[in-house]
Amino acid sequence: MATTLTLHPDRALPADPATRGLARRIHAHTAALPLVSMHGHVEAQVLADDVPFGDPAALLVTPDHYVTRMLVSQGVAPHELGVRGPGDPATGPREIWRTFCTHWNLFRGTPSRFWLEHELVEVFGVDVRPGAGTADQIFDRITAVIGDPAFRPRALLDRFGIEVLATTDPATARLEHHAKLAADGYGQRVIPTFRPDALVHLGRPSWRADAALLAEVSGIDTGSYDGYLEALRARRAAFVEAGALATDHGHLGTDTTPLSRTDASTIYRDALAGDVSAQEADAFAGHMLHAMAGMSRDDGLVMQLHPGVLRDHHEAAFGAYGPDRGWDIPVHTEYTRSLRPLLNDFGTDPGFRVILFTVDETSYSRELAPLAGVYPSVRLGAPWWFLDSPHAMRRFRESATETAGFHNTSGFVDDTRAFASIPARHDLSRRIDAGYLASLVVEHRLDEDEAFETATDLAYHLPKRAYAPRG
Amino acid sequence: MATTLTLHPDRALPADPATRGLARRIHAHTAALPLVSMHGHVEAQVLADDVPFGDPAALLVTPDHYVTRMLVSQGVAPHELGVRGPGDPATGPREIWRTFCTHWNLFRGTPSRFWLEHELVEVFGVDVRPGAGTADQIFDRITAVIGDPAFRPRALLDRFGIEVLATTDPATARLEHHAKLAADGYGQRVIPTFRPDALVHLGRPSWRADAALLAEVSGIDTGSYDGYLEALRARRAAFVEAGALATDHGHLGTDTTPLSRTDASTIYRDALAGDVSAQEADAFAGHMLHAMAGMSRDDGLVMQLHPGVLRDHHEAAFGAYGPDRGWDIPVHTEYTRSLRPLLNDFGTDPGFRVILFTVDETSYSRELAPLAGVYPSVRLGAPWWFLDSPHAMRRFRESATETAGFHNTSGFVDDTRAFASIPARHDLSRRIDAGYLASLVVEHRLDEDEAFETATDLAYHLPKRAYAPRG
Amino acid sequence: MATTLTLHPDRALPADPATRGLARRIHAHTAALPLVSMHGHVEAQVLADDVPFGDPAALLVTPDHYVTRMLVSQGVAPHELGVRGPGDPATGPREIWRTFCTHWNLFRGTPSRFWLEHELVEVFGVDVRPGAGTADQIFDRITAVIGDPAFRPRALLDRFGIEVLATTDPATARLEHHAKLAADGYGQRVIPTFRPDALVHLGRPSWRADAALLAEVSGIDTGSYDGYLEALRARRAAFVEAGALATDHGHLGTDTTPLSRTDASTIYRDALAGDVSAQEADAFAGHMLHAMAGMSRDDGLVMQLHPGVLRDHHEAAFGAYGPDRGWDIPVHTEYTRSLRPLLNDFGTDPGFRVILFTVDETSYSRELAPLAGVYPSVRLGAPWWFLDSPHAMRRFRESATETAGFHNTSGFVDDTRAFASIPARHDLSRRIDAGYLASLVVEHRLDEDEAFETATDLAYHLPKRAYAPRG
């Protein structure tokens, strides 16, 4: 059945008519605000080179783990989606696209559905619902659109109204794409984020290579723990120089217990010798969160903590397809005890800022809102990953606001890999916040002028403030 | 105060008028679908012998732990409800029924209230609210109804529109009632489910007797671990032969770490000798979940996992009244790490299917939906036990759908012990799903035709598919 | 911008018009009921001495950790709020008040906002919104009001309609203020609560001093474990004599495993000698919960358990400002296994009553409602602390009612430190319950007469019953 595809102006707004009417006005008030994208995974090279996007499958299906995981969960083989392991056959873009459209029904009730509809209609001008019978027509339409120079990445940056876009870059990145962007006048607009994960997890097979690369890029010998710290500081300085505002840390746990310099040095030396236990590696990773907090206090980079995801749950899938293919699964995550060492040392320091994210929403009302509601250095990050969805965003506001208020949250952070979905994600967030604020007004818990002001804060001012340099 | 008792056609539908109007239409679309009861605890003998039900208390009060636990929590003695321990006096059915009716107010806001109202009105034609003043009148009415041949179990199977009813049977069950049902033409309609719990928990006092019974029933010597596995396989084959589609596993934890054959054999041998530690018994139970997954892959039985309940919390109550009397209490349950060994080995195998249930709803958005949303072998079971209630079912949809979609859930599974409550439970589930789907449409997140189709999937097609033989 | 401040009659009621209309009528039905304040932290001395309240800052800002923590989280220094550490400058009341009013926007969406608005309008007759421009005007207005004799504590007790007010008092309190209140005819109206925490945590630096004080106050030698128990029993008897109905226990964990008398005696002796490990101290604290349950069974005092808060998370803040300043953070809390020893021994005893509170709302549907829904001795306490807020109270009803019903909950317990906020807290709770009950009626899950009766139960009868002497 082919059906028209349109975006209803009231989508994702509350059902109650009075609430919806006000939510519509609040959303209208924020809909045209610039997009502040303080955390995400768009590659800097995409904007540095400004080359046209590839085919519809390469743009919307193959790299989007939200999409591929859903299709895989219903029996589609990864290679049918362009996710190839060793020995897998190649699949053409049109065939991938047909597979995707044929399974459109799987996305009912998911945020992917919301984002994709927004992209198809708003960005590509598609007006029919994806399905087996419309796949080719939509494929051709998108193909035509992305051939247009107005669809080049830099043009979209303007069209989308993106005021600032932060990329996420390994600590060892040479930042040459950011240098090119700066040379082209995009230095304030596309900024790097310092992500040292590969360097602090001593147990990873690639660690020694990464430590060597750190030495090479920084020009500082990482053969000792002191040199390693110095090299990290040097890289942070280079990131600051390139416009970075933040670091990003993706640990499984949230332990932040510092080690003595002697213990840290010993573990580091043993790791260089290839002789480190899992327990020592974990202790060192927790220690480094504490050490990085100290560096943040010194250089003003805002610390982002994204814990609680067990990466690459299925080992064979990881072996065949590599990371970030949808096989990462959250775990129960503890914050109150784990963050205590870090917060005792830096949590009230005016020079320090940490933004806490979670994929364990049980921690919102129990731990994260109480922490953010008293520690001046803590902000509570926007709902992340699996929680960046209508119901989950609403639960976040309902669980966190009563203890943390609005001003101790980060405002919206899109965290996207899919450049073309950035406007859809901001729009959805603004709609959910408009609905929440409208509910507060309709229940006479907030005045209307306050709701409008807060909506602007959440969409624009709070992320700007949360990531502003400290000190 | 005597008050009339009626069922409002809009019960359990959302309050918002636009949402309710659509929900009413969606519910009407599924209300007459056959009932697919893929998991429950009705005794096969009830249908094999097709004898009339007993008195109202024996039908609706004494065996229903939802009912007795609530009355006990407010100071009613178990024997007043027909739950007798050693030395307890007997209580007559009419007296039990009066106690129950007098405490009708305790069930306000509970699903028991919803189910019981449905049964009283729809099945028994009662039209007054239970209370001290109406107890006898209702008792007499039900007594009259259940004397009618049209109220025999097999007649009700037709009247209720039950297409298939799965019982739950110990692995050592001889399945003679199912044989009789098959001989009478009910072989496809009333099917057994293989539940081996008693055989895999080596630490239980009854284990050695159960292992001996397994040998007797299977005709295979269970004096060694290999024989034990062979006997289990033989019983599974007998269940498959008798029409079984699934196994059921009710562990406290969810560990699935396999042991080496040597270690498993040693623990098994020690257990036979009566010398097994609690830790070894736990390790063996976890190992057997992994082993059973392998057997499911081989014989196509769908694996149901129901973990996380600490059984018989109050030891004296267990001693006096036995199991399943309402003294089982959930615990925090971990899935991501615990299931990793099992899912690494079988989670992408086309021949394997596991349905995960929980009574710890914190795991929906954090672990279960992310797992079901990528592993093709995993389905997320319907809200179970304490969570099979209006608000909890709604929370399930709101927490799980955005990551797992609808198609990675099992559809409704009633899990009832109370035969006469089966229609009520399916009706409530269909109402909650209708309300949820209507909300998505009214919020313009789903089209109307999709909502109707999805409602039918959830009520009928998904449970059929989830329990369909694999491989 | 100065704006008027009013209280809307429909505040905190559901948005849906039909639901709101009924909720309004249910709320009206309970609005004038007396306030039953069975647990709180108002000082008995305030009522015994009946002296006028101080200035607005001392009344509404400095002692309210909900307020100060929010301001501190946004960079206000504690001393600017009158919370002074060593070396901090003094800040005048008017200046504190200005700081508070200037940051009024921080409280958007919080229960503090709801309570404070209620107090400002209802109690003090303020009619402008707090802000930089209105701070002085409001300060002057409140100053004038609290100078009026009609604003003395005992006058407010009448004006607020408080039928009974329980204070919380250390086990070593001499209860002289309660004696004075009794002499003045307030003996049944202002009652103490027995809180022995300082005496059961052997690892606290102050423990030996507290044990010595216990000996002094009780006149019983606490040099042995037996003497210590006898002294505790004597103090409980003194509290009973002074009108106490309950004890209160604020442990971090919920372990209730009893020790043998020998082991308990040994640990106690070692603690007196200053030689106790953290592990032994924890075991002793858990043991004492069990022992106190036994004493409750004997003397009829209702046991209140408030676990799961890590106190004084920030050590430097604790060092500077002391306890109860907003630096307490919840942790994940386990009940099912932890309470099993206590409930096995006392959970079905007609002489015992325990009320369980939590700040970990994940336990409502998983553990607390299932426990309260079967153990006759257990009641589930009202949402506590961070959860005493509109959304969280609603979540409590939606998560707990379906398994525990209404009658296994405690009814509302305000737990306030701020005397003037007691009516606001009861009013908010009654509104949320009215909204929840109205939803059940509108969804045809409850009859209207039942909703009215249940609303009265929750506001008045249930707390009276939950705290009524047992045995």
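Here the chain labels run A, B and C in written order, and each chain numbers its own residues starting at 1.
FYI, contacts are C-beta pairs under 8 Å (C-beta built on N, C-alpha and C of every residue); 3 or more make two chains touch, one makes a residue touch a chain.
Computed from a prediction, not measured in an experiment: that's the story for all the values here.
Residues touching across the chain B-chain C interface largely differ between the two copies, under half of the numbers being common to both.
Matching CA atoms, the turn from chain A to chain B amounts to 120°, rounded to the nearest 5. Measuring from the averaged C-alpha position of chain B to that of chain C gives a distance of 39 Å. Under the contact definition stated at the top, the residues of chain A that touch 2 or more other chains are 14, 16, 332, 362. Those residues of chain A whose C-beta lies close enough to touch chain C in the complex are 14, 16, 18-19, 332, 334, 336-337, 340, 343-344, 347-348, 350, 362, 365-367, 369-376, 378, 397-399, 401-408, 439-440, 442-447, 449-450, 453-454. For chain B in complex with chain C, the residues that touch the partner chain are 1, 3, 8, 10-17, 69-70, 72-75, 105-111, 113-114, 129, 310, 313-317, 326-332, 359-362, 386-387, 389-392, 395.
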